[in-house]
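In the two complexes below, subunit A is the common chain; its partner is subunit B in one and subunit C in the other.
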Partner chain A sequence: MTTTEQAPGQTRRIRISRRRPGAGRARVDEFDVAAGPDTTLLDALREIRSHQDRSLTLRYSCCHASCGTCGMRANGREVLACVTPLASLGSGPIAVEPLANARVEHDLVVDMRDLYESLEPTGRPLIRQDEELGGQEEPGPTFARYEDCLECGLCVSACPIAGSDSAYLGPAALAAAWRSVQEPRGADPSDVLAWVDDEQGCWRCHASFECTEVCPSGVDPAGAVMALRRELTRRKIDQITRRGRQRR
Partner chain B sequence: MAALAHVVVIGGGATGAGVAHDLALRGLRVTLLERGELTSGTTGRHHGLLHSGGRYAVGDREAGIECIRENQILRRIAPGSFEENGGLFVALTDEDMDHLNPFLDACEACGIPATVHKAETARQLEPGLNPEVKVAVEVPDATVDPMRLVLRFFATARRNGADLRTFTEVTGLACTARTVSGVLARDLVTERDYEIAADLVVNAAGPWSGQIGQMAGVTVPMQLSPGVLLAVRGRFCARVLNRLHSSADGDIIVPQRGLSVVGTTSWVVDEPDVPPVPAGHVARMYAEGSKLVPAIAAAERRAAWSAVRPLVGGGAASTGRELSRTFQCFDHKQTEGVEGLVTIVGGKATTLRAMAETAADVVCAKLGIDAACQTAQTVLAPHGAYYTERGERYDHD
Partner chain C sequence: MSATARTGHPARRPLQSTLRGAAGWARGRHLGSVAFLTNRVTGLLLVAYLYLHLGVLYLLTRGSGSWASVLHLFKNHYVLSLESLLILFILVHGLNGIRLALVGSGIGVRHQKAWFTAAMSASAVVYVVVVLAMFGVI
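After this line comes the complex of A and B, so read on.
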């Protein structure tokens, strides 16, 4: 488990939604795991996989909320398992399910294809300009750094619109689109703006802010949607004003 | 027909990714087996440091030379995958200053570009740095996303025909008369067991390589050396910060996205699954990390985890730091008279391409295939292609 030097903790019961190809509906399997104060949900699932049921399938990689692979729902809430202590999930049994609004392949593994395909038209920024570090009197060189978005899909899973209408571009793609507009780095963002200026684009959002709530990396997709709307509105007003001037 | 030679690669980490990509480019038929998701072992959990080689230049010159050469190649073949931030080796004490000249000499000998900054310049470059800084040496370190770089190798390998099978566990090797002729696999999703025939099997299972070797009755001389890493919220430096001294605990801080990652410790274990995260090691990361950047002391813990380094070498290593970070390829026909099995182990994520080249050279020589390595000149597919170009694997309805 997470620590070898801690006092023996409690036992937690974990109820995992299991799905197998051809088996129809998911079934729920229960496991008991020993948990210390720092034990994360991912620690517990890896422990189950190593010592109780090798057939449990899930995705994980970095273990520190940087890769975005271990997204799932715990007690109905979207989380990255690697940074979710069991202690933060109440005191009763913990229900673990795959992300919503995505096709479940097996157990906790969902198909990420739709998410990545939705990111493609944005140019899917991966690298961005570093912000300047505070306290610097003279600005130093600007570096390229990774985008905050982990491509984990938590925002799409939490989005009530994506849940009812798969045609909606969704919060991850719209957040990536805003990054392309916000920091075009010499490219013309018109195509991206035209793509999101659609009833299934940034105008479809009902501003429930669930996406921003669950984002593990501070991306604020709902804020990005609002920023896209402002930018589109600004451009339309500019256009009307310019046409008006030309007529005169 | 040699061009249709079939190689089964065991392990979906950086090593297996490199080998699958290299062999597929050379025209071989490749099947890769991974018991979990790709990069779910050591690969995904490393520090996220593209080494300049500076860390090894003094004590492990071979690893230093490998790192700077591969650092430059990876930037060419995986453009856009790195935070192009560079790194500083920082001297904080008089004792650290004693390392300065040997460090600069070693960097020169390895071919690592190194620029010395006076204390004042270093403080301007990195305002979060300990104000006691005496001197800082800038080298071409960089931040890398461990999973996404490796997914680019996998995506490219698949474009070239490699069959990548995740959630597929190796349960045994098919051996007859001291020859490995295939792999016994279990699809963990369908719980179906099957055998895959292979002209040659490459053991690229990282810390699990010893277990795979045992299935054929061979020994892989390696040590399992975990290290604890700590990620805190906040980006406290723009560059990678290293302490200018002999490699020790908690002497590197890598900024990655909105986090700063402090590492690492080093000890030796027997078992590669679920390595422990001793509480004392996390405290040491805080203590040592805040010597480099004082603000680390009060930073919010985001995660602490451990990763198992599969280091080459036998004997009685106590901490793992005395073992080289270079890699080795074992043809088990040469070592123990077992045909059909090659193990590639050791190394760093930074040297994954070179490791793969070495292993693929051995594979091709054994199979009598005359095909040159092309990976140093081949620009990799984007990481998203791994997901968008996946075929259907399971029928749900």
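After this line comes the complex of A and C, so read on.
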């Protein structure tokens, strides 16, 4: 993340998209906040909530990019507010909006149930790094750690296909699916592969790579989608050649 | 921190909201999205050209006179410039399509930005050569 110089005590204008439950359209409220060089977007939003508008609704928890709850869009880009310095958002007003491609509950809080439900069929592979290496005497293959996924939903918000087709499984679920296939731990990954081998699965991705760009945790969802395609293609070619051999 | 509040822009109309939403999405995007949009825009332009092409071919049914006038029109420099754009769209769409086919097959996924830069650079070089040839410079 690049940062620009920000003088101590500088005032920053923050334009927040606000939406109340049941209200049809969002409105934009502006707030001026005094900010230092290390002030994060979450600091500024908490300041607004504490001293200017108690009705501002936002969600956060750990404040160190571990829980993934403070995902939002700042100047059009998906960020975790807790680790995004205001100085990295240019010198002009900062437009803050809730994540896209999810139903807005209130102000900056969106409904995450669709995301969580989309992860369920993958078995949600949460495997610790020490477990991954446990009992292996010989060095094994290098696994991409999709379990680093915070389930913050930034990838889904940035995905142009998730924005145009709500039936698409989405990058978070597909990344988790590839994790299950990559390290099945004795389970048969065929069910997960059959689940993603669908027009709304890994074949629906249009390779804009925004999911990988915005991921705050170094997960590579687009890489996972392409790996799923490669694996499915390999299995289909194997099936065809096997059938050909059986006929002979 | 100290702070001051201001309120309440009027709500946007739906069309404005949609356009601003699209502009907001475009503002925060990266090179992969440029490639994504480029492929769709050039694809649509090529489809539009196909219909134009069918319309021009239809003139064949109206006799040799009308066809001769069309051929004469094609020698006009403005029309040649438009034709050169067709070459550009084909190059961009085709080479970016090859990139997508490779990346979509799991080949060179981590280098997708470099693939795109290479495809666009190759398109630019070939386009310049084609334009020079079309206008008789080389």
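Following the convention adopted for this analysis, the second predicted complex is superposed on the first by the 221 of 248 C-alpha atoms of A that agree within 3 Å, B and C clash if a C-alpha of one lies under 4 Å from a C-alpha of the other, contacts with A are read in each partner's own complex, and residues count from 1 in each chain.
Methods note: contacts are C-beta pairs under 8 Å (C-beta built on N, C-alpha and C of every residue); 3 or more make two chains touch, one makes a residue touch a chain.
For clarity, every value in this text was computed on a predicted model and none was experimentally measured.
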| item | value |
| --- | --- |
| Partner chain(s) touched by A:E117 [first = subunit B, second = subunit C, both, neither] | first |
| First, second, both or neither for A:T233, with subunit B first and subunit C second | second |
| Contacts of A:R204 with subunit B and subunit C, given as first, second, both or neither | neither |
| First (subunit B), second (subunit C), both or neither touched by A:E47 | both |
| Contacts of A:C63 with subunit B and subunit C, given as first, second, both or neither | first |
| Subunit B versus subunit C as contact partner of A:R25, first or second or both or neither | second |
| Which partner reaches more residues of subunit A (counting touched residues only), subunit B or subunit C | B |
| Touching both subunit B and subunit C, residues of subunit A | 43, 47 |
| Residues on subunit B engaged by subunit A in the complex (per definition of touch) | 36-40, 43-45, 48, 80-85, 124-128, 143, 145-148, 167, 169, 188-191, 229, 231, 235, 237-239, 255-259, 261, 273-274, 276-280, 302-305, 382-384, 387-388, 390, 393-397 |
| In the complex, subunit C residues that touch subunit A | 1-12, 14, 17, 21, 23-33, 35-36, 100, 103-106, 109-110, 112 |
| Contacting residues of subunit A [partner subunit B, same complex] | 1-6, 20-22, 38, 40, 43, 46-47, 49-50, 54-55, 57-67, 69, 82-83, 105-106, 109, 111-113, 115-117, 119-120, 124, 126-127, 130, 133-138, 140, 143-148, 150-151, 217-218 |
| Residue ranges of subunit A touching subunit C (in the complex, touch as defined) | 25-35, 39, 43-44, 47-48, 51-53, 73, 75-78, 95, 97, 100, 158, 160, 163, 206-210, 212-213, 222-223, 226-227, 229-230, 233 |
